[in-house]
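Sharing a structure with you now.
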Amino acid sequence: MTNTQQSPSNSNSNDNLRYERGLARLREIDGEGGIKVVESLADIAPDFARLVIEFPFGDIYSRPGLDLRSREIAVVAALTAMGNAAPQLKVHIQGALNVGVTRTEIVETIMQMAVYAGFPAALNGLTAAREVFAHAGVATPAAGRAAATVAATVTATA
Amino acid sequence: MTNTQQSPSNSNSNDNLRYERGLARLREIDGEGGIKVVESLADIAPDFARLVIEFPFGDIYSRPGLDLRSREIAVVAALTAMGNAAPQLKVHIQGALNVGVTRTEIVETIMQMAVYAGFPAALNGLTAAREVFAHAGVATPAAGRAAATVAATVTATA
Amino acid sequence: MTNTQQSPSNSNSNDNLRYERGLARLREIDGEGGIKVVESLADIAPDFARLVIEFPFGDIYSRPGLDLRSREIAVVAALTAMGNAAPQLKVHIQGALNVGVTRTEIVETIMQMAVYAGFPAALNGLTAAREVFAHAGVATPAAGRAAATVAATVTATA
Amino acid sequence: MTNTQQSPSNSNSNDNLRYERGLARLREIDGEGGIKVVESLADIAPDFARLVIEFPFGDIYSRPGLDLRSREIAVVAALTAMGNAAPQLKVHIQGALNVGVTRTEIVETIMQMAVYAGFPAALNGLTAAREVFAHAGVATPAAGRAAATVAATVTATA
Amino acid sequence: MTNTQQSPSNSNSNDNLRYERGLARLREIDGEGGIKVVESLADIAPDFARLVIEFPFGDIYSRPGLDLRSREIAVVAALTAMGNAAPQLKVHIQGALNVGVTRTEIVETIMQMAVYAGFPAALNGLTAAREVFAHAGVATPAAGRAAATVAATVTATA
Amino acid sequence: MTNTQQSPSNSNSNDNLRYERGLARLREIDGEGGIKVVESLADIAPDFARLVIEFPFGDIYSRPGLDLRSREIAVVAALTAMGNAAPQLKVHIQGALNVGVTRTEIVETIMQMAVYAGFPAALNGLTAAREVFAHAGVATPAAGRAAATVAATVTATA
């Protein structure tokens, strides 16, 4: 791989190491969703595509000291709380699943944000999670049963 | 109504009181829009559906000390200013209408947020209000006339 | 009063009307706290001092369609929820008191923001209210009794 | 042009001056996008349409002391960083182009916000820029070539 | 313990269970810092003191499905990213230490927020962590050595 | 200068180039204030000190395509609008002065944020500017005269 034309200021093997380390990390965590985000930058800000790979993934996510599961829980919490980055929240909900965070843990993380950023932030986070989970596969049977119970309860109380 | 399977930690009559008091309050304020929000949680986070009813509506909105009209004005102001919770803002603009806040009062509340959160927040709040008002019924004649005048003015000045 | 040197682009009687109407409104709502804010701008951005009087107070707060009590409840709610404007929140908690909002109503408005912007926003809003209330006069007897009860409870449970 | 019916509190020649000065500034900066925003207010908050023209454009953008190019760079930076005002960000990206800010300068401004408001804010800002640029005309040849290189790199590394 | 006078709407054993469960959880996580926050509410909003214990701690933190270490990492991430709740961030950095999150993990969580909320948010989060760590005890030897190296590097390069 | 012990993952000449380029840029823009921020990280997060130099300053501020004056105007605008990063805003107001932005341009940039992020954000930005200007030297005579006029006006109207 040659990276030279695209990033003239990053011309030697060490930056290539950061780039390749970051790209591998991006694939591991965010999978195809992450790659699509980077590719989508090619027409408008190609250098930013490189920086996204080098700094967040090559520098930060490649650090020891905090496991990937905790890192993804931290991101899901932060983006839910900030409430203004729905596309990135979805990418990282999928990323959390990819590194082994369970659906229950993701839902609990988002619910907890009601305490710190308010119920609308948590509700919109759950909407994002529903979309990602629906795309990722079947609902858990337990959730299905509970859903039926809630629906029945709400209707019965009306 | 039995609530037991769905919320094992809320097993006796007192929590059922909070839940039922909250559900009644939710219906009174947000009407069908509020019920839909809660029902939509059933498949992803059924316990959160219960918590939405118990804490905001059972605990907070059921408190004396501030009338419901003022509570809805406060929410419309806050969600307009925060600018990252459009679905909830719409539910509460409808909620404000439901408890007797007039369209004029809602529009004034949102306009005032231009001072505290900037013009974009107020503009996006007015967009939300337009959608709710359009769904809720006819425009006021006065607004219709004024709209015609503004359109004419802007065109004439071009 | 001549306003000419200070605001050359606002040279006739109509803008003076906006300015004087705004200054009167500012005094009515925010009292000395508001005047101090404006005066503090004189050394750094004197035109902004004029704009603060003309637009928020001369244009917005002078509009009919929403009573001053509701306007101050809206501002206290929004600034509590935004959480990044403590000095202005304090000025408007005092402003709310000035136009007849009760301490209980202010506290309820801030507490309600826990639902929409999270508990930290509400806690910091209550801290601001405590400072303003302490400066404004005595605590309510009811709050005093309740405080003693809570303190006793927390200690007893330890 | 008579402005009287629409804005009874602004009845004389001086406020008409602010309004006309603001309207000219709005056309110069935001072009048709800005006019559409104002016209869209006519049915819901016609007075706000007037205030948008008078305060931001008649008062602020008409001030000396900061050139229009810098003002538009400042707005693109701020709205990118806030991340909750996509429609207004697009209007001002077009506005920046209208007053002579280049595409490269706009992209650099948005990329820089990754440092101050995070990568999601910058990514969403770039998405807004892509939409505006696509509507405004052809992509720059340089960007096109770089895009091809990035796409090839990402694919090759997979 | 009788809780009756203070919270008349919470008059039976079940709400006392939520309150006591929440108070135990608050002590476990936040320790004395959390208790002080609650006690400080006694004079201004005694009912909010009860709600802080019942909802965040009695309802949310008492849920299974996400371990306490992950919950504290989520809160430290979110409050760092939001950037407007320094007092609560400090309480939860201490809380994270209390439930077994290491200093390194806390620092990594905060550093990671530079990616999602910008470098200022991360810098201010690190400032909060420094204050909490200084109060909690000695610095790690590794950090001390690294600090000396950085200081030397910066000076040498000047 | 050897950088090896402190940043093992950055072991060759190219990363040293980014670091040294970034450190030079940091000195040029933020001066001693910037260096102090970096040094203050040494005890808590020494690697973050390196990353602050490498990414924002080595990668972003070293890019062509946007002049430093425009970059500093963009940062002052963004941090004023976000309203939750006062220490960094002050560093960058000084930075703007350092690269040739005038006091008037800084004040105009901050005032303009009243339109996009509300008057409190602009007021708090002006407070930050006042502190930086006071530390940096004498007030401009023009501002002094205007201040006297405003003070007189406010008093006379009382």
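For reference, chains read A, B, C, D, E and F in written order, and residue numbers begin at 1 within each chain.
We adopt the following convention: a residue touches a chain if its C-beta (ideal position, glycine included) is under 8 Å from a C-beta of that chain, and two chains touch if they have at least 3 such contacts.
What you see is a predicted model; the values in this text were computed from it and never measured.
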{"item": "Where subunit B and subunit D overlap in contact partners, by chain label", "value": "A, C, E, F"}
{"item": "Contact distance in steps, from subunit C to subunit F", "value": "1"}
{"item": "Same-interface partner of B-D, chosen from the options C-F, D-E or A-C, over half of the pairs matching", "value": "C-F"}
{"item": "Centroid comparison with subunit D (C-alpha atoms), farthest chain", "value": "E"}
{"item": "C-alpha-based rotation, subunit D on subunit E, 0 to 180 degrees, nearest 5", "value": "180"}
{"item": "Centre distance in Å when subunit C and subunit E are each reduced to the mean of their C-alpha atoms", "value": "29"}
{"item": "Centre distance in Å when subunit B and subunit E are each reduced to the mean of their C-alpha atoms", "value": "31"}
{"item": "Per-residue overlap in subunit B, given as positions that touch at least 2 other chains", "value": "47, 51, 55-56, 60, 63, 79, 81-85, 88, 107, 111, 113-121"}
{"item": "Touch-based graph of the chains, sorted into line, ring, star, complete or other", "value": "complete"}
{"item": "Subunit A residues within the subunit E interface of the complex", "value": "55-56, 60-61, 63, 65-66, 69-71, 73-82, 85, 88, 104-105, 107-109, 111-117"}
{"item": "Sites on subunit A touched by subunit F in the complex", "value": "9-15, 18, 47, 51, 54-55, 59-60, 62-63"}
{"item": "Subunit C residues touching subunit A - in the complex, by the definition given at the top", "value": "81, 113-121"}
{"item": "Of all residues in subunit E, those that touch subunit F in their complex", "value": "82-84, 107, 110-111, 114, 118-124, 126-127, 129-130, 133, 139, 143-144, 146-151, 153-154, 156-158"}
{"item": "Footprint of subunit D on subunit A - complex, ascending", "value": "1, 3, 5-6, 20, 23, 27, 35, 37-52, 56, 79, 82-85, 87-88"}
